[in-house]
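So, here come the structures, one by one.
Both of the next two complexes hold chain A, though its partner changes from chain B to chain C.
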Partner chain A sequence: MPSFFKKKSSSYNKKTGQEKKKEYSSSPLSAVLEENIEYIKTQTGNSTDIVIRSFKHSPRFNTKSAIVYLKGLTDSQTVQELLIEPLMKSNPAESDPISMEDMIEGYLPLGNMEQIKDWNALFPALMSGHTIIFVDGYSVAISSATEGGEKRAVEEPRTQRAIRGSKEGFTESIETNISLVRRIIQNPSLWTETMTIGRVTKTKVTIMYLKGIARDDIIEELRKRLEKIDIDGVLESGFLEQYIEDQSISAFPTLYHSERPDAVAGNLLEGRFALFVNGTPFVLLGPVVFVQFFQSIEDYTERFYISTALRFLRVLVFFISLIGPATYIAATTFHQEMIPTQLLIAIAAQRESVPFPSFVEALIMEVTFEILREAGIRMPEAIGSAISIVGALVIGQAAVQAGVVSPAMVIIVAITAISSFATPSFSIAISARLLRFLFMISAATFGFFGMILGFIILVVHLCSLRSFGVPYMSPLAPFIPADLNDTFVRGPLWADRKRPAFISGSNNVRQSESTGRPQPEQSSEMVTDQEGDQQ
Partner chain B sequence: MKRRIGIFLMVCLQLLLLTGCWSKKELNDLALVSAVGLDLNKQGKYVGTFQFVNPGNVTGSFQGGGGGQGNAVSVYSATGDNIDEISRRMATKVSRNLYYAHANLVVISDKLAKKKGVLPILDAFDRDATFRNTATVVIAHDAKAADLIKTLTAIDKLPANKVIKLLRFSERVWGASLNIMMIDVIKDLTDDGKQPLISGFNLKGSSSTGEKVSNIMQSTPQAAPVVDGLALFKHGKLVGWIDGKKARGAVWTLNKIKKTEININKKGRKEAIALEVIRQNTSISTSVKNRTAQLNVRVETEGNIGETKVPVNLKDPHVIADLEKGFEKQVKSEIKAAIKEAQAKKTDIFGFGDAVHRSQPETWKRISKNWDEDYFAKANVKVKVDVFVRRTGLRNNSFLSGAK
Partner chain C sequence: MEKAKITAYQLFALVLLFELGSALLVALGIEAKQDAWIVILLGMIGGLLIFFVCYRLYCFYPDCLPTEYLQKIMGKGLGKSASFLYMLYFVYLAARVLRDFGAMLLTFAYIETPLFIANTLMILVIVYSVSKGIEVLARTGELFLVFIYFLAGSGVLLVLFSGVVDLHNLQPVLENGWKPIIKSTVKETIYFPFGELIVFTMIIPYLRDSKKVRNVSIIGIIVSGISLMLVMVFNISILGVKLTERSQFPLLTTIQTIQVADFLERLDVYFMIALIVGGFFKVALFIYAAVIGTANIFTVTPPSRLCYPIGLVVLLLSMTMASNFPEHLKEGISIVPFLLHLPFQIIFPVLLLGMAYLKNRKHKKQGTG
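Then we have the complex of A and B:
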């Protein structure tokens, strides 16, 4: 709600950029091997997981060399077979010692290799799992890409399951994640840009977009916003999300996150960008609109009637989780005339023995439920079932029998709880979860009048939101009729000719006009009849 | 900036805290009025009898086994010069706020309706913000309104519900009664071409047994409200009753019959053939010429043969045509009797005046003042009935034709 205050403090992040690059001395490498080794040791505090293996290659000339890598981050087999072995066994009879260039060109059968002359470049390479080769007498080191080590395999996504659709989910490795999307969109226009964010963590962050479909100004804006970030660590994409959002103090998410490669691919095709962060399976997507949070990937694979019905259901579910208890409070404390007589009598009978006003009753139940829910998440899996038993007995039965709450209230809380789980996007469900309490307060204060006030504020707020400049409520407000085909309704795919107007720029034609509605060619006779005629 | 947010939040907080749940009413603080009964006492004051719901006793048992042990309703009464006073005086007896939004029944005693009329009563209900003007109005026929309100009923635990459902059901199935809402009464009272017609209710059995739980513990409750006739009103005052077939004739004329059953005599047996009416349409029209009015009623109805007590050949179209004529005669006589009764009481409960208003607006302006007395009461009545036998049930000829 505080978006009433448009004047933003502009002092935020002004002095970024200057001191950013100034870490580790920018001195060049020494030509003496021992000095280099010593320098690495002092800089890393002699860390035990740094492996420094010194040896002599071209023994005839007594050339001392050393390779340095991090245990666990590198693929030890690669280091063994493709670096150490060729170097040690190279025993040419030629008169000249092997030069650095020879090594790269002739001896080491590894793909990604480069020469490093500066400590500034050396340490990041080392820390990301590269193996560094020093040769005595050269002030240049070879950095070879030998990243490896333990990784989680590609599994079915945990949070966004789909009945029909790919079973692949992102992992914690950024390379794997990018490759998963590349496998779906096999097109050179799929561009990526990688940068490191985090003064200490040096986290790899990759922007991915489809050149020509995504709007260049949005990508430029994203780049700018990412460059401004100067924090010590990025542990999850949620960290970045909070720094690059348009409206950072809203209850509603203005970036979407997904752990499904197919969802990311679909969004890229609509002109959105994807932001991969190393170390998390959640990929950020933007710019997003409100209706997107009610969509699920399998909407597009089912018949469109069914998908539309399901989307309506999700909107209903969102509203229930938002105003379910508030409606109950308003109806039972202010607008008893709205409840059918028989139902009112039934509710009144239950309320007879309850010592609290309905608002307090609702609050107790909602808070209890939130506690149970939070406990359920934190609990070790083995005790998880205990929570459900306690929950069912405590809220469901004992509280009712003790006359602390009415059964109707339990029903309301239960429906609300189920509804908040049925919302497809967790981030929008969690906003509803919080706003529900505000609605309860406004309902307890002014009844439906208060709820309507709350709604007006909510709608105004939603309409004021932007996601990378794209109006959050579009295509509903501003109203774009052409885009309505994929909002709360999901029209047939063949009718969905254009990409969303604000998100993809001028290149917004998704399918050619001739595609149209698929139908068999006009024929007056049935196929079987024709066959009969021929005989 | 921070200060402005602070001030804004403070204002918001004040809005919530200072108003303090404005006009909040918890359910436990409400006395749900389910029915209102109005009588006239000997001093000429109104006696209001209010039926309150005991929610715990209405619904099934779920907490502490309260269900069904006590009375579903409690009844209190108070006396006053007007309805508002009664309502206020009720506070000396009832511990909660009176809540009228679910009062669906108003019972007015015939004595009160005769002496003071319904005009002074209905304004209070109409004016009140919570009272619904869709509440059903009935007249206590030869009974006190209070007694009807007090009587406990079986099956439908809420007596008010029982009365309303009974009325609705009998209107739909038998057709000799009308479920009249308060808004209908008010509409008729303000319409110079139609007078109100309200259903009557009688109390079978004595009121003293009716108000005890023991009444509904028996398989045949000793006291129970029953539908009883239609009350004719004129200028807001009760002027007479019609019941039985005449009442049904009135309902026919009003085009309110949904389903009913007509009997005719045949082959010397009384009420030998029964017709189940399944649909009907009645239209009325009036023409005024030379200071005399002509009332026309046209009924088109369809039905199935419901019962034959004598053997008749139902395969024969001539027989069917003959039966149809008989039914027509029966309906015609009922309608005529009803209109005659209304003419005798000089009250146009059917809306013939409205028909004049529609067809001859200029004439109506002249004659509306003394329509009831000078025109309606002396009018000629012409009734045309068209009965069509649609089906004969599962059988054509009855087994009676083959019985030895």
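Then we have the complex of A and C:
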């Protein structure tokens, strides 16, 4: 039964909260060094990539110490030069027994250090690449941030290329990704909150937003939804997406993902939040609206007439990829009278040799194309050309000559395929790809009547969606005239004085009044030299 | 009552789509021959009067549905039964429109499809949408309003380019005096489509800004009246009175006259979109009113539980209400206006307004004294 009222978020799962607490009950470190080392060894099953280096801390006092770290996750040079060397060579005053505080304050030239007293805090630190220092006689360990190891460098984004715009793309490292955005928005009110999600994977997840611009209730809602998640692993931001969506049973995405730091920065400036997940270059953005999936970063850098025209083109392209084949089926099966006579004769002549009804014909071609596309995605590049050759044969001249499909159908399928590639956002393009088949079925059974009904259901469904409480179709429905400047049309930037009202709260003025339309005097028409006139 | 709010523009869109719904497709007020457009304008004025009665009632009880204030005015038992009668009326009207719509669809495009199938598909879509609530319905309305007017605009341009408009067909004005015009107004247009606005008494309490109810509704009614008038003017000036009278769907015939550059012709799909979208909103609003009202009378929560049962009732009623289309039309022209429309749209609301006025005056006196 579909819901009539907006369901308020269901009661908090108290049980999981309690379980979480239990897991983090304290189990303090021992004061004996050997016991601690032994405990680590048993807990990690003597894993071979754990390095345990014992040494005498100070020759004079015979204090035993050990450092523990994971090979590959730490920067070995840092560990060597900034931890082991100073500790071994340190020469404290003769009588003073060395204390932990001294060690942190006096000897170790590393930035991020903290004391750990509990195993439950120690293991996550160790596993994330920290180096742990034990000193015999202390039930406290020092954890120092020495994360390092192999990382992919910042490269041009693979999925969202822009003709004009930054060439930087996110990488798999969450720290790099956050810094890429910080480099664009250099402002202290860019706030981040980090939490770990995933019982087993302990994945780092960071919320980023602009304090004062993003709506506090949305951030609070996001926090609540994230805290509720209790799963074993988070491997990609898509995992989280499915847990924090408003409407999980829908073909349409209610969160946006981007690989571009500049896109993320732009969205943060409009009052959205960004959700970084360690291990993926895709950053989630929300709340999103439908029109956003038709926008691209270079829309804002090009002339606004051109961007507007391009956005219209993208909407057209979306509709073609959604109802292109369905329209052909409906027109040839039910409404032949609507096709101009000349064209009808041409189509009829072509279809004479085809043994299938146009629905079956379209289905064969569409499915073939989907197979080709699916095959093409994961093929090694060397085989790619082979696929394109075979593909061109299968859904091209050969199929027509074999009498399986009509030439008109080949054109329809080709246009549809190209259209679905031309949609800027992949996640909305695949929604259209799936719904296309439903439209084809409705067109085959009830012609335009079925298609229009399908279209009504689609619009009703889109209107019923929300993304973090923001209606999905805004600012078109509910209609917000002030925000039309950046929808399917794009007005000039100087006319875009306010942030979208449906996302940002009260603080929504983006540019000062005086910034208005640039009108230098020299450029207005019919410039006259006023002094000259007077004379 | 749902915990939902709609904006002024959304109400405007719903009023407009509701009015255009099925009235766009038939020859409205053709009894007055070439003066049909005057009949529509007069009907619009009648509709405004009916709306004012409803609006005064709304002003007395701005926060509750008619089903609630009927009980406040007439007492619990009587109020509940009167509200229930209204719900039956809405269900009946929904079924009527559905039948109209299904029959039209079959006559012009799907001759061999059974009526039951067409109606079932339509009602499924409607019930799904209604179950999403008024907010979603209103947002859908906003989008489709733009869509419909875009189609209308392009349609008008194409008709003009086709060069078939002959305004002489509208002359002479008032050939037979005012009598047939008044007669046609009182017999038809005042109830259909304008009097049917009575269903909006169930919708206006949802408006976020209650001060705007009056202006928005008035503008909506006037714009819809003018749109209908323009459509009729186009129909008559293109087809002539005779053809408009005889044609089953004048708008379809008008659209079929479009012929631009030997390529843009037979744009029947325009008509089909107008038919389906209009029918959808009209039936959906009736069913929504029936659902929310019935839920209110019998305190059913959530109201969406009633969508499918009431949808089923509407579907079956639409099949059984007449044994064939001529019978259905006859009922619609000679029985329904006087037996149903007149009491439910005019007599009851006026009486209610009188009672509400007396009751509230008494309250006021008690309050001040």
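The definition used in the following text is that the second predicted complex is superposed on the first by the 497 of 535 C-alpha atoms of A that agree within 3 Å, B and C clash if a C-alpha of one lies under 4 Å from a C-alpha of the other, contacts with A are read in each partner's own complex, and residues count from 1 in each chain.
The rule is short, and it goes like this: a contact is a pair of C-beta atoms (placed from the backbone, for glycine too) under 8 Å apart; a residue touches a chain by one contact, two chains touch by 3 or more.
All figures in this text were calculated on a predicted structure; none of them were measured in a lab.
In the superposition on chain A, A:351 makes contact with chain B only, not with chain C.
Of the two partner chains, chain B is the only one that A:401 touches; chain C does not reach it.
Contact with chain C, but none with chain B, is seen for A:477 once the two complexes are overlaid on the shared chain. Residue contacts after overlaying the shared chain place A:463 against chain C, while chain B stays out of touching range. Within the superposed three-chain model, A:279 lies out of touch with both chain B and chain C [touch as defined at top]. Looking at the shared chain after the overlay, A:337 reaches both chain B and chain C. Once the two complexes are overlaid on the shared chain, A:446 sits against chain B and chain C alike. In the three-chain superposition model, chain A touches both chain B and chain C at residues 2, 4-5, 334, 337, 446-447.
Taken in their complex, chain C has these residues touching chain A: 2-4, 7, 9-10, 105, 109-110, 113, 118, 121-122, 125, 128-129, 131-133, 136-140, 142-144, 262-263, 265-269, 272-273, 276-277, 280, 302-305. Of all residues in chain A, those touching chain B in their complex are 2, 4-5, 7, 9, 332-334, 336-337, 341, 344-354, 357-359, 400-401, 403, 407, 441-442, 444-447. Residues of chain B touching chain A in their complex: 1, 4-5, 8, 15-16, 19-28, 30, 32, 34, 53, 55-56, 58-59, 62-64, 66, 99, 101-102, 104, 130, 132, 158, 161. By the touch rule above, chain A contacts chain C in their complex via residues 1-6, 334-335, 337-338, 340, 446-450, 452-453, 456-457, 459-460, 463-464, 471, 473, 476-479.
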